[in-house]
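In what comes next, chain A is part of two complexes: it sits with chain B in the first one and with chain C in the second one.
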Partner chain A sequence: MQIFHRSTNTISRVSLFGAVFFIALLGWVFDSLQRSSYNTQQNVAREQPVQFSHAHHVGAIGIDCRYCHTSVEKAAFAGIPPTKTCMNCHSQIWAQSPYLEPVRESYRTDRSIEWTRVHDLPDFVYFDHSIHVNKGVGCETCHGRVDQMPLMWQASRLQMSWCLDCHRNTEKYLRPKDQVFTMGYVPAGDQLELGRKLQKEYGIRKVTVLESCSTCHR
Partner chain B sequence: MSTQKREPTPPGQATPVPVIEPGHTFASVTDQIGQIVLSRRTPTFWWVGFGISFLLMMALLASIGYLLLKGTGIWGINIPVGWGFAIINFVWWIGIGHAGTLISAILLLLRQEWRTSINRFAEAMTLFAVASAGLFPILHMGRPWLAYWLLPYPNTMALWPQWRSPLVWDVFAVSTYATVSALFWYIGLIPDLATLRDRARKKSFQIVYGMLALGWRGSAVHWHRYETAYLLLAGLATPLVISVHTVVSFDFTIAITPGWHSTIFPPYFVAGAIYAGFAMVLTLSIPLRKLYRLEGFITLRHLQNMAKILLATGLIVGYGYMIEAFMGWYSGVPSEGYVTTSRMLGPYRPAYWALIFCNILTPQALWFKKVRSTPGLLFIVAMVVNVGMWLERFVIVVTSLHRDFLPSSWGMYHGTMWDWSTFIGTIGLFLSLLFLFIRFLPMISIFEMRTLVPEAEVREEA
Partner chain C sequence: MRVERKAAAVGLLLCAAAAAACRQEMYNQPRYKPLGRSDFFADNRQARPPVEGTVARGMLRADSRLYTGKEGNALVSVFPLPVTRALLDRGRQRYNIYCAPCHDRTGAGNGMVVQRGYRQPPSLHIDRLREQPVGHFFDVITNGLGAMPDYAAQIPVEDRWAIVAYVRALQLSQGARVGDVPPESRGELDRAKPTGEPSPASPEYPTLYKSAPIRGSGAGSVPGAQLDPGAPAGGVKAKPPK
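Moving on to the complex of A and B:
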């Protein structure tokens, strides 16, 4: 007596081999999702209470990063400018613009504008802007071409493998200190050669130190 | 195994009890074992047993649910005792699994034909014990949903597991063990699944057993491949009997904690595992043979042999305890000496002396033939050993941790209600799986039993 149709032979063989591929496919999908911007929010422009354009202020006008992010060279936090910094100019120009009403309101009421944070590292990560800036890591290296961003977005994945890529190969990214705030920087000559020279000059620590757990998780 | 040639009993050496009751034939073996699975009536004791086990399993579910909600703080663990019930239970369950592998692999290679009637459910016991064991380290992690971080895979953190940690070795030891045990069990089941497929009356049963039997027709080619695969897997499983519990013992010995940092641990853990495992096989087989009237298959000979193994491994474990105490003194290390005396005379001394009673004194009763051949007494001894082996792990884990080098950081540990409900819950999980197994799969290997029947003997023509 036959319980199964003869096609069952083929089906069972296909499903046995297929299972291997199916499991591999699942793994690949899971991994890709984890690295995708759906998960990391990379390249997703965020809405802000005021439509502040870095492209205009940095790219077109040419204001230096440090004019607003004043503590970037001295502290862990780069700093969000107080409304007063905006009003330095906007009490004179575009002073009546309806777009800037939230700024003026903040100034009148002395209540801060609540910006939406774009680069948000987990709380268990110890990150310090000053050490990076002072050792020749350019703003652009992590934040991308801010001078071309109408609204801010996160240019990098900000996942640990991304951090470690630089911590393990600093020579690929280091710049001369006077180029740290430059946007669209192109190294003069070979980057790897320059990078190795700068590693010595700035006293960059060994990879074993830079990739040690407690360097970032304290 | 069908290739196995049965040798006549050598003269002068009497086999008092045979490995299968005389009078059985091919048909009677197949009928009696197959009928347990295929009969429509589920016996009342099955419903009662499964019902109780299922309730306990629900307690496990509730405990895990609450644990995920609240975190490991609901357990009694804290500094200095960070490894409480979770690790005790893990080692206890993993140890229990070892008898199954020993019976199925080592006794197969040694051609001990008495293994035939107990190997199937001993292997099932191994699988369910490993499943129960595996839960604990994962729940102990605190964020069990990230358990896959233990595996080496190219991840977004650009990190590999810490290879120097024995806890990572555990992951590999236990997952290999689970995989090989599952394969071994399943491959051994295939010919029997085909028998069930052929004998099942209901279409749905025919289809399910038929799919599981993977098209087995019992041709010579099938048997040839089957025997090869089974022997290969037995070869693979054999080192696992030794390696898995050795790696588990490394969890302790690699640490410099007094009372753990000792080279006696691997052999003493392996012996303890086999000891615990055989105690559990006895605990399960004695009621099962009675309830399902399988005394003809699981004879007194089996019980006696297992009792002897229990006695032998129990003596090795006793030797381990002795050497531990001796090394406490002989090492000359004050902390080692202190832990040893603290075990015997400190706040946890009731656990220590109960353990000596359960694991060393009680099994001495097995020197008496009367005890070895009385199932009721054997059952009691096996139950006491089960408790004793749990106490052993409790004493090892807790006494070493609760009083470390620094007296200022000493503390006491007690399991909370949730510790107990999780532990008892895994017993429920284990028994529920076992009840399902005996209802839906043949708990004794039908085709291997048939090779023990006189009809199977190859007679040479004169």
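Moving on to the complex of A and C:
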């Protein structure tokens, strides 16, 4: 007795092959989504309590990163400046501006300005600014052209594959130590050649160490 | 059939719940982070000041010459640490970060922040400042003076002395004469002329002071500056900062 119609043969074949493609498609969609800025918040400018512009302070005035981020060379945390640092200049410049009222209020009342964190690594990742900065990784390499950002955004994905891309190919990114804080740095000559030279000079560890789990997850 | 469906639904829900929960729990662990917010302390800060009346190890700061630039009430006129080429290089770097926004890279006081309206500081090359003991500059960086805020929180003590040493070098550079340039480097001065490139040796700031009456002629004769022989007089050779 014939239970199934003939066409079910075709349907079953199509659905078998179709399932493979469907699962692959699902995988691709999921992967694209988790890399997208919808998930990573890459390139999304954040609102802040004060409209602080790096483009103005770094790009136009030319203030060095370390003027405010004082601990970037010796600690894991680069440091968000205390209100006092703002007031170094803004006690006299734009001293009446309504934009800066939250800053003055913070200075008067000794309450911290609560900035919105832009670069937020997961807590299971160990990251130390000082080792990167002291081994020739430029601010710009991870943070992008901060001197062109009116409001701060995250220029990189900050996902593990992104970290590993550099940890496995440091020669592609290293720059001379005196150029670490430069924005818009262009290597003089071939980057790979320079990178290999700097790897030796700065004693960059082997890839097996740099990509080991416990380097970042400790 | 019904039981299977129910099981599938429950399974899906569990998966969804697990997927939603795991990410946030591990991403944001309940521990204190630098400058994080606390709802426990009244000032909402996780960072705590040291308990009153306590001194952290290595923070006694007993050496008043090093930490205040003073001995008793008198400003020190001798550097409390050896002045080396490395210290001067560090000083140049730190000066360009923290001081140049107002004082500009030559010390004339025309920095960007001044150009945007901040009160102009005196040039570092006026006689009054050239004659100040080194402790004066350290004290001003530490405590501020007039319109200048203090930089105690931004610049560690050793770096402040490095900056003071570099300020001395800057002062020397602005009063340097051709005779101070080592003979083998004098060619560079002549070469610099036709191109009209500004260099500290042929300054854009023509006459900051009329002559160059720095006591003695060499760097070694500045009070307290134990400059090593290879130390530059500020930038006589017009090298770009390293």
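Here is the rule we use: the second predicted complex is superposed on the first by the 201 of 218 C-alpha atoms of A that agree within 3 Å, B and C clash if a C-alpha of one lies under 4 Å from a C-alpha of the other, contacts with A are read in each partner's own complex, and residues count from 1 in each chain.
Please note the rule applied: a residue touches a chain if its C-beta (ideal position, glycine included) is under 8 Å from a C-beta of that chain, and two chains touch if they have at least 3 such contacts.
This is a predicted model, so every value here is computed, not measured.
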In the superposition, chain B vs chain C on chain A residues touched: C
First, second, both or neither for A:Ser212, with chain B first and chain C second: neither
Which of chain B and chain C A:Leu164 touches, first, second, both or neither: first
Contacts of A:Ser97 with chain B and chain C, given as first, second, both or neither: neither
Chain C-contacting residues of chain A that also contact chain B: none
In the complex, chain C residues that touch chain A: 26-29, 31, 33-35, 37, 43-45, 96-98, 101, 112-113, 116-119, 147, 149, 153-154, 241-242
Residue numbers on chain A that touch chain B, as the complex places them: 3-4, 8-9, 12, 27, 31, 34-35, 157, 159-161, 164-165
Residue numbers on chain B that touch chain A, as the complex places them: 153-159, 197, 203, 206-207, 210-211, 214-215
In the complex, chain A residues that touch chain C: 61-64, 66-67, 70, 76-77, 79-80, 82, 84-85, 87-89, 91-93, 110-112, 114, 122-124, 178
